[in-house]
């Protein structure tokens, strides 16, 4: 599907740029920025494909994606000083990428005949695991595990997409509707600072138990 | 095998709870707790299956496991304040899970015709890699690499299990014996604080060498 | 190829030793040192094989490699106090391993019919991902992403190797030439402290944008 593929290419560039910019804060060299950018952009789909045994991986079949993410990472690094002007554009592209990755991930998983729960989960993996790997490489607790309406948007997008297909809606319409709705939800979440609750708890006595292990 | 499967279900719930509780200390939101809980519970078996190319993964074939670990993670988060009363129960369940995961992992690896060294290693991977992934996601050096009679118990359980099978003991008896012995060893290790040695060494001059790289 | 295989065995021992020594600094116990050493030595090839779906993994087919890396890790731990005398030897072995891993990784990927870009990338993965996993397990930002003429040497070795094969040079000569050139480049980089640039940038306003996510 041509529109979805175009969105995909824009999204992996945006994600590669986000990875490269975080790598710069860790004082990585140019090679490191390219690795972190590429892992951020393609890592979610790669983990999805490993988990469902879907070979060859996307970037093995289409190595041009690698040139693309490396180019985006280097461009982001060179333009980093001006990135603050691009802040809104970046957040919008990132939101678009999140929902596009989710729909693409659902499609790939569904093509293997997986249960719908697994299909939605693989959509989420495609959407959020790239950023999670980026954070592990940059040695910090993954943001996606701490702030939420990111993963939740991915979940809602996947549920809506599968639900529409289940109701017999044409694939193109289901795709467009899911992406538009997910995108809107993500922008609303950004605008209003929506978030899932963080439970407060004194877990210190439990920690003691762990220490004894 | 019905008993082993029951133990497995109890064990993945206990591991999901342990992951969720550690996630709470990192101030993760509800989604993050569910991810870390699920990865802790199912991550060891997933890595084993990826390494030996055993598809489909357990939770892809049985998505109900995912609902199960998510439920356990949420329950643990809600009950966190009372978890200290459950400390002993938790440690026992965790010990049971460790040995049950090990035996199950050995069975899966043996079914692929792998060498017995690989079978034992895959048993250990099933037993301990979930906790290792939990610690990586929570941005700390994996506990299992620092305190030991955890992995060692898994190793001893696997060796005993394979040894009994090799001697011609019936599968049911070998399973029960290995689980009971491993469980007892783990409880003894907890009770007496048994541990492998940590070697002390001044590695600073070596570090310099690394710095030069 | 016998010489390449011998170099491979020396290299995995050197990498296992490097992993064990870094684990000691994190006060890991003996089991942890063996795990980190083995992951450092065999992790690059394992990730390569997972990514291209090349089963069985090397150490599953040849479990003796595991005994080998465990032995090297324990030996390194016991000899850690004297390791500073071995500093130069270690750096040379590590450089040899890097280029040997790269050539072996290229061969494995090429045997699956992958695109040459993927072949070179898999050579680099084989060469550098073991050290990257070591650093993730030891909870630090991967060195290979921060200091570069390590990965760059791997890249250059792979390009030279594939280029020679493409020009019709015999496999043995291409292998020897690529390893010798890569090795020399690595030693030059060590000697003169060559490195890729680290871009300086004020990314703080971008960070704010991320915070808003």
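First chain written, first letter: the chains are A, B and C, and each begins at residue 1.
Convention: a contact is a pair of C-beta atoms (placed from the backbone, for glycine too) under 8 Å apart; a residue touches a chain by one contact, two chains touch by 3 or more.
Model, not experiment: these values are computed from the prediction.
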Chain-level touch network, classified as line, ring, star, complete or other: complete
Chain A onto chain B, rotation angle from CA fit, given as a multiple of 5 degrees: 120
Gap in Å, rounded to a whole number, between the CA centres of chain C and chain B: 28
Contacts with 2+ other chains: residues of chain C: 50, 53, 136, 139, 147
In the complex with chain B, residue positions of chain C that touch it: 18, 21-33, 35-36, 46, 50, 53, 55-57, 59-60, 63, 66-67, 77-78, 80-81, 83-84, 87, 90-91, 94, 136-139, 143, 147, 150, 190, 193
Contacting residues of chain B [partner chain C, same complex]: 50-53, 114-115, 117-118, 121, 132, 136, 139-142, 144-148, 151-152, 195-199, 201-203, 205-210, 212-213
